[in-house]
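In what follows, subunit A forms one complex with subunit B and a second complex with subunit C.
Right, the complex of A and B next:
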């Protein structure tokens, strides 16, 4: 099976002050090589959904069927955090090398992979710098590179550009869309930014307020290269904005 | 300094010696003082004791702290022992330690009998003294290391897991480096404690070497110039220890404090 299937997934956090029903139930499928954006307001359980897919949280009900890896091995999952997940005591190069070392790849092969990956994300000149010496946008490029170097079967991204300024965020969206086009990895991208979702995704699901459930499913049919100024782009934007507005009113 | 010079009458003998006389002792570090050895030799004896004792403390304390930080099981078992042992002042243990280890020195343990009546550092390394230095230094090292391991950021552990790192790999490449600033902090506290302990221990009866002994003996002989010179040396060496370890730990500290 090459697609990601999420069925009747529901997550509750057990806390001292009582149970918090954070998510669901939600069901959806992502075809192999597709790009899905999960769009929803703050606190709707988007991150919980992503963490559950990654196996970092345990669902109460429902299940996640991950796409099988190549040659039937365990699927490789990449996870890009909002920020701060790079190891600050390692250079950018060592950070990207980390998963390859963990996998036991030999030194020369590793070096080669890392150099290629640095070039892919536009950080060739920054291999020897430490994360804190880089701008926020470059840090996220490095974090993305550290995931992509594993050649993930499924790439999960948790609002990776939300802490960046608008311009940098757009640059990274452009890069990501290009990278995805080339690599055709399955991506699940979580965001609360409508424009970001419309620019990046092939499919969008909109989650309502906590406990998040899917209130809308949309397929974005826009030709490449996508223009943020085109009429059809704006139509999607307005339409999804209306869904958001109705969510706020309901709330 | 001016006040000191005036108060001591610019050189004539009063209760406190003039700065000039103290300086005179300081600039002749190799001259034998009151037949206990030179200032340099006494400092070297104390230094050697501290280095050996502190080295053992680090050798035991760091692994123990790592284990206690990483495993809650080990922490539960060992923390009670550590909490009971920690407040026991090293100085309080000196008599007991001497009873247990007798007055045995490194030279004796190593079977170097011919050294017994020579002036040799190994003759000055009493096991009992090394033990209390170890005792004084080990707890800050354990606690610092444990603290470091426990304050590893959750996101880094989680990320390591997703990036395919196993437990041992994560321990070596994530937990230890991220705990380094706290480990260095513990080491700094530890060597500071060792240095205080050795000076106090050398001042107790039963010892006849080291800078602490020189302070006490010169006091008894009213040679306050030697006493003050020794105190200045003690302060300087203490500062060098602390600064040295700080410089070593600097890089890891900078990296962590700038983390976003």
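Right, the complex of A and C next:
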């Protein structure tokens, strides 16, 4: 089975001030190589969902079946965080090299992979700089490279472009779609930005307010290359916007 | 506007009276509030309010609650409030509101004791839970440590050396100076008291025992907890806030062997020598106090000290410091790992790390002293 299956997943945080039911129950499947956007208002449990899929949180009920890796090995998961989470004491090159070194790849193969990856994300000239010397957009490129270099079977992205300005964020959306098609990896991308979701995803699920449950599932059928100005694009946008409006009113 | 119009039919204000006609309904709560807002100033100024229900037959609960709230506010401000000519239904609703209100007060008053007990219990429970998870943390670290010892090539020696420098080498001046000062003070004060009995030659023994058994190891541990325990908590806490710890975990790293064990290993290697240094500088301070203030020659001091101390005294302090090293490294890292949320949580974690590690160090010291009494020759009663 090479698809991601999430079934009846629900998560509750136990805090000193009482239990917070943060998510679910939610169920969905993502086929191998598909691009799913989880769209939802702030605080609906999107991040919790990703963290649970990554194994960083333990669910109360339900389970996550990860897509098995090629030739049956453990699946490799990449996780791109909102703020990048690059290691500040390492150069961009060492950051990208880090997971490969951990996997025990030898030095020359490692170097080669890293250089290719730097080229792919357009950071060839910045290998020796430190993360804080880069702009926000470049940091996110580096973070993405650090994940892609592991050739992940599943790439989890938690609002990676939300803290960038509109232009940079569009630029990165374009590169992400290109990279995804080349890498043919499964992506689960979390965002509260409807346009981003429609532009990037093949499938969209909309989560309602906390505890987040799926209120709508949508398949985005748009021809490539996608244009943000085309009629069908706007139709999806308007229709999803309506779902969002009703969520706000409900709240 | 219509609603307000019909409501104004039901309500009429003529200082100091409000006349109510018909039935005030739930749907009219908004206009009722507007009415109160409009006349609040006048009512306050007149110092009294009479609500006349002569032409009224009843009131819904929500307007009653709103009116009651207004009455309470007025009474607090010193305005006399009276309800006149109210039909039984209106009277009973205001009565029950008043009853409910006073009962609420009673309950609140009664619960204050309960609240204290609850707060005490829940913070105690939280503390106990924290100790439980700290213990679990400790075992995981020790597990990772043992595994690493088996494969010494996997140890991040670079990090171990870095922490040895940060927590050991850089702590040398402060450990030496403070213990030296304490040695001087202790030597002088003890010797001054003993001289009254002509017993100042016993000062070196007293100083040697107190420095090597307690003060040297303890002060070194307290200083390391303050310098490095807090630094460990802040370092890991900041990584936690920036999601770097999660990033490591998702990449398949064992965060214990990556973040915690190098710190513990470094402390294990430097603490015994810091304690040795603390002992030496404390004793040197005492020697100085003896020669400068008490007229005790250095040779006498050293020979007296030699008679009193046995090698176990020095070794024991260094052994104790191994326990302290484990405590400080683990409490610091544990507090850092526990950080959730933002930058302020990192600050709280550093404080908590220092307080808890000093507490645990003293607790461990007390327990180890019990053991020491049985081990050291000449101490058991």
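Things worth noting here:
Throughout what follows, the second predicted complex is superposed on the first by the 250 of 251 C-alpha atoms of A that agree within 3 Å, B and C clash if a C-alpha of one lies under 4 Å from a C-alpha of the other, contacts with A are read in each partner's own complex, and residues count from 1 in each chain.
Criterion: a contact is a pair of C-beta atoms (placed from the backbone, for glycine too) under 8 Å apart; a residue touches a chain by one contact, two chains touch by 3 or more.
Since the structure is predicted, the reported quantities are computational estimates derived from the model, not experimental observations.
Annotation: superposed three-chain arrangement on subunit A; subunit B versus subunit C shows a clash.
Legend: residue contacts after superposition of the two complexes on their common chain; A:83 is shown touching both subunit B and subunit C.
Residue contacts after overlaying the shared chain place A:150 against subunit B and subunit C alike. Legend: residue contacts after superposition of the two complexes on their common chain; A:130 is shown touching subunit B, with no touch to subunit C.
Of the two partner chains, subunit B and subunit C are each touched by A:99.
Touching more residues of subunit A than its counterpart among subunit B and subunit C is B. It is stretch 274-282 of subunit C, out of 4-12, 40-48 or 274-282, that runs into subunit B when the two complexes are superposed.
Across the two superposed structures, the residue set of subunit A contacted by subunit B and also by subunit C is 54, 56, 77-79, 81, 83, 85, 87-88, 98-99, 102-103, 150. The residues of subunit C lying in touch with subunit A in their complex are 122, 126, 242-244, 246-247, 249-253. If you check the complex, the residues on subunit A that touch subunit B are 54, 56, 76-79, 81, 83-85, 87-90, 98-99, 101-103, 130-132, 136, 139, 146-147, 150. Every residue of subunit A that touches subunit C in the complex is listed here, in rising order: 16, 51, 54-56, 77-79, 81-83, 85, 87-88, 98-99, 102-103, 150.
On the subunit B side of its complex with subunit A, the touching residues are 153, 155-156, 158-160, 162-166, 169, 173-174, 177-178, 180, 252, 255-256, 258-260.
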